[in-house]
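In what comes next, chain A is part of two complexes: it sits with chain B in the first one and with chain C in the second one.
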Partner chain A sequence: MRPDKPGEGPAVLLGEVRTGLLQHSVELPLSATDRLLGLRHGERVRSSQRPNVQAHSPDLLTGVDCALATGSHRSVRGVGTVTARAVLTEGRVLQASVRARLAAAEGAQRLPWSHYLARPGTVEVIGRAEAPALADGHLTAGPGATLDLGAIAERMLTGIQGGGGLDRRAPFRSRRIRLRWTAVRADLAGEAPGGRLTVEDDTLRTLRLTLDRIDPAEVTAFCEDLALHDWLLSTLGRLIERSGLGSDPGPGPVLKLRPAVNHLMHLWMPGARVARPLAPLWDGLETRPGFSRQWAAAVQRVRDHLALQAVGLHAQPVRKD
Partner chain B sequence: MLVFATSDKGGTGRSVTSANIAYRRALLGDDVCYLDFDFGSPTSAAVFDVPSALRGVDQAGLHSYLRGNVAEPKRVNVWSESDSASLRNRPSGSGQLVLVPGDRGGGEFVTGGDAVRRCTELFLRLEEEFDIILVDLSAGRSYAAEMVLEATSRPELAEVVTRWLVFHRWTRQHIIAASGLVYGDRGIMAAGAARGHDEDTLRDSVRFVRAAVPDPSSPMFTQLRPAQAAWLRACHEDLTRLASQHRLGQTLVLGTVPLDPVLQWQEQLITDDDVLASRVANTETAEAFAALAVALTHDRAWESPL
Partner chain C sequence: MDTTFREVSADPRTASVPLSHLSLEIGHLYMDDFAAGPARLREQFARVKPWADAARAACTAPAGRRPRISTCFLIDDYFTRFSSPAEVVPQLIAEAEACGLTIDYLARESACAETDGCHPARLVESRLVESPPPGTNGSRPPTTATGWLSNGERSPGLDHLLAEAMGGDTGWRPPRETEARRHSVFLDVELWDEQHGRRTWSCPYLAAVWQLLRLGLLRDRGQEVLHPADRPETFPHSWDALPPLVRLNPHADPFAAYRTFSVLASRFLPIEHAVKIVLEQWAPEEPVLAQLAERAGQEGVPLPDDVIARVGYVFHGQP
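Our next item is the complex of A and B:
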């Protein structure tokens, strides 16, 4: 990697977002989020009410000095700080979002911490590695000895979920879902700008972004928005699957789908907080795989079922003879 | 809900019974997670028949997590990773069945504040996702048992329903030992009270499971001479009396698992295939596990007997 030039933004940004349900029986009112997300003394929790209610914790810095995966067996050393923050949407969905911008170190030695603290959220790479290789390494690294942004996010979520103020009686069980993402500048990646989202397994998604210009705050907000909607879609899908809709003709599914109607269905608002330069990325995801299409189909299915149950059609199946 | 399975002595079928309870709850539609806290001899991978998982947990098992070497312990999805053909076909309507194995050759280790904190965080984390978290503790008084008593006394876990299952065989020695494990000087009640647990609440969260109980009316015992049958009945009555003297009476028994040769020779999950198709296991055993699984959340079974 070569040092950043002024004005062109970082070469590589790495991040991970973990999304889960707030462990509380009701939506947390905005007035209570200050206490929940006030992770740093003396700094305010920022919140906004349009187009939906969202609160952000202050940024927390975590010092790191560890190996960075490069996608091959070789790893390089990274020293610096990573930025973490928590986001609460509509008092219901909690996210921990961690990001680090990578920059080339000037020497081969670690410098005093004051040097790194003056560059919050930047990890300096000591050793030779290209930007795309570092991005690959972040997406493919298993748990272990390399920089693990997910572990920082996980700790943050656990700290908030286990802290005071929550009654831990969530309306339904759900999984935390991980979105591990990278953004590489297009001129370094040798690719046209765009994004590629991959569903790796039940709880892991990866997103590769190639951008002309990387604005860390905007890219992070985009990834948080994507992670939120991916979680909503996955969680609603699981609730429907587990409700027995389609196999149980009785009233069972209605009862089991109640939390979806009460707590999830109004949260869908893709791209609401995405900066204009990144809006085409959402448009791309709406075309393929078609987030909103799948969401609309699932929501319609739930509503149709509720309507059918309401008129009692299930109780008297139509006889064919 | 957190469920701790413990026993004073080995050979009570604790691991195999609790694994079967986990399996039956998953069949009923709950999301179930089974944690192998038997740090001396982690065997759960064998019971769930996931040999591939055994190789993978040299580094990322529960010990590594509690020691702080990894951020999260490895999870094994039993439905997709089991070698057993009857487990691989996940029945429709069933919930998740996830095993969190211990490290191979983990051994006991010294606990400290950090391990307790990590243990608490793990319980909180899993409680978000699973209906039932079944924790298999090792036999006897162990660090693991002390750690979970410490963890559950913390305010973070105050809202989580916690239950204890104490397994014992149906013999004089085992009844006395199980009573000691719960009510003795260094037993669960004393250790829990020392850590700030409310004694009444803790006592009401303990139930006993009688394992390997011979049933004189079962086909296995049809060849008994009349004198032997009478003796067996007299023993049973003696033991019943002994159990109630030691506060293990019928009101505190969650269930009874009959003596089954399959479980004596191979610790495994008893599927309906084993009972109906290959018929190697007894119907009564499968029914006992199913009954235990239901009783686990049945309010009547957990009403205070006082």
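Our next item is the complex of A and C:
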């Protein structure tokens, strides 16, 4: 990696978003989010109500000094801070989002700590490694001694879910889903701008972005938005599967699907908070695999079932005399 | 046609504060010094004067501009309460003037802990980000010792030693300074203690808060933390009745400054070493940092990124 040039933006951004259901029986009102997300004394919780209700905790920093994976056996040293924040959407879906921008260190030694605190959210790379290799290393790293953004996100989620103010009675069971992501500048990657989303398993997705210019705040917001919608889609799918819709002809599925109607169906709003330069990425995902198409089909299926059940329950059997 | 949309709650503003080039501290007053009488005060100011002049001479402003320098003086009313402002402050002003020094701003040390519903000490605490020892990858929470902050890795505790001894390992490991150059100067700073549920901040910790107030780096929910009050016509008989920060000199340059310089007796050296350890692990707010950098840039004043590099001292000997 070479040092960033002014105005170019960082060469590589690494991140991880963990998304889950807020462990609370009802939607948390905006007035209560100050307490939940006020993770630092003296700093405001940021909230907005257009186009949906979303609140952000202050950014918290964690110091790291460890190996960075490069996708090969060789690793380099990274020293600096990573940024973590929590995002609550519609008082219902909680995300912990951790990111680090990588920058080339000027020397071969670690510097006084105040140097790194003057560059919050930046991890300086000591040693030779190319930007794409560091991005790939982050996406493929297993548990070990290398930088572990996921653990920081997990601690943040656990801390908030276990803190005061929540009754820990979620309306339905769901899984946390991880999105591990990277963004590399296109000129360094030698590729055209674009994204590659991979469903690795039930609870892990990876996203590799290649962009002409990396704005850390915008890219992070995009990844949080994608993680939110991927979680919604996966969670609704699981609710439908577990409801027995399609196999149980009785009223069981209706009862089991009720939480989906009450708590999830109004949350779909892909790209609503995505900056204009990144909008084409969403457009691409809408074409293939077609997030909104799948969501619309699932929602329609639930609604059709509810409608049929309503007709079936209220209609009198027709007598053929 | 283009439309814009903004929600203030989503994008709050950060207040900026007026800034001098240099905040020059010309002394701390503790009960013992005051109890020793006016001669002791005059002796202290006489000792400070040449160094204060040197600091003024060393403060560079852009060509053709007058450097903005404000002086300040801190009185301890946090650890010991002695006398009253009505008795102490006029004496201080007179003795300083007799030595050719002007005290622009007078602050009470308790203001570093709490002032008008704001808790500067807590603001500072919430932004401490501990320096990670090598091998820290985020997988474990930082090994914090509640109420303490060090510049490295501590020696293993007794429990750990016993466990190791059972396993046949030989015990003690020395502490290690993270930024040691071969040999360590390890320091562990007590930030506060608690008795009967009441927290008392330590002297070096409040001294670190004092530095950050002078550097104009603290904000409470984006707002200024310590705004100077005008000098009252008469000084009150209780410290609580004195505003936390008083502008004694109505023509003074702003209280906060790009850089600080403190002229202190050498007995304060350990305290200020502890201050350095706190400041080195304090993460400034990005918007505030950017604000200061932008203004320094507009003025053509060099300003280091690192907060600790903005802090300077002279330690003088005692008679």
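Annotations
One rule holds for everything that comes next: the second predicted complex is superposed on the first by the 312 of 321 C-alpha atoms of A that agree within 3 Å, B and C clash if a C-alpha of one lies under 4 Å from a C-alpha of the other, contacts with A are read in each partner's own complex, and residues count from 1 in each chain.
Everything that follows uses one rule, which is that a residue touches a chain if its C-beta (ideal position, glycine included) is under 8 Å from a C-beta of that chain, and two chains touch if they have at least 3 such contacts.
Owing to the predicted nature of the structure, the values given are computational and were not obtained by experimental measurement.
Considered on the superposed chain A, chain B and chain C are sterically compatible, since they fit side by side. Shared-chain residue A:S292: touches no atom of chain B or chain C.
When the two structures are aligned on the shared chain, A:V82 is found in touch with chain C, with no touch to chain B.
Looking at the shared chain after the overlay, A:A170 reaches chain B, while chain C stays out of its contact range. Of the two partner chains placed around the shared chain by superposition, neither chain B nor chain C is touched by A:N262. When the two complexes are overlaid on their common chain A, residue A:Q309 makes contact with neither chain B nor chain C.
The partner that reaches more residues of chain A, of the two candidates chain B and chain C, is C. After overlaying the two complexes on the shared chain, residue contacts for A:A151 are found with chain B and with chain C alike. With both structures placed on the common chain, the touch criterion links A:N52 to neither chain B nor chain C. The superposition places the C-alpha centres of chain B and chain C at an angle of 100 degrees about the C-alpha centre of chain A, rounded in steps of 10.
Between chain B and chain C, the shortest distance over C-alpha atoms in the superposed arrangement works out to 5 Å.
When both complexes are aligned on chain A by C-alpha atoms, chain A residues 143, 148, 151, 155 touch chain B in the first and chain C in the second. Listing the residues of chain C that touch chain A in their complex gives 5, 7, 9-12, 119, 122-123, 125-127, 129-142, 178-179, 219-222, 279-286, 289, 305-309. Interface of chain A with chain B (complex): residues 20-21, 23, 143-144, 148, 150-151, 154-155, 158, 161-164, 167-170, 173-176, 242, 244, 247.
Interface residues of chain A, counted against chain C in their complex, comprise 40-44, 46-50, 61-67, 81-82, 110, 112-115, 117-120, 143, 145-149, 151-152, 155. Looking at the complex, you find that chain B touches chain A at residues 29, 31, 59-60, 70-72, 92-93, 95, 120-121, 124-125, 127-131, 155-156, 159-160.
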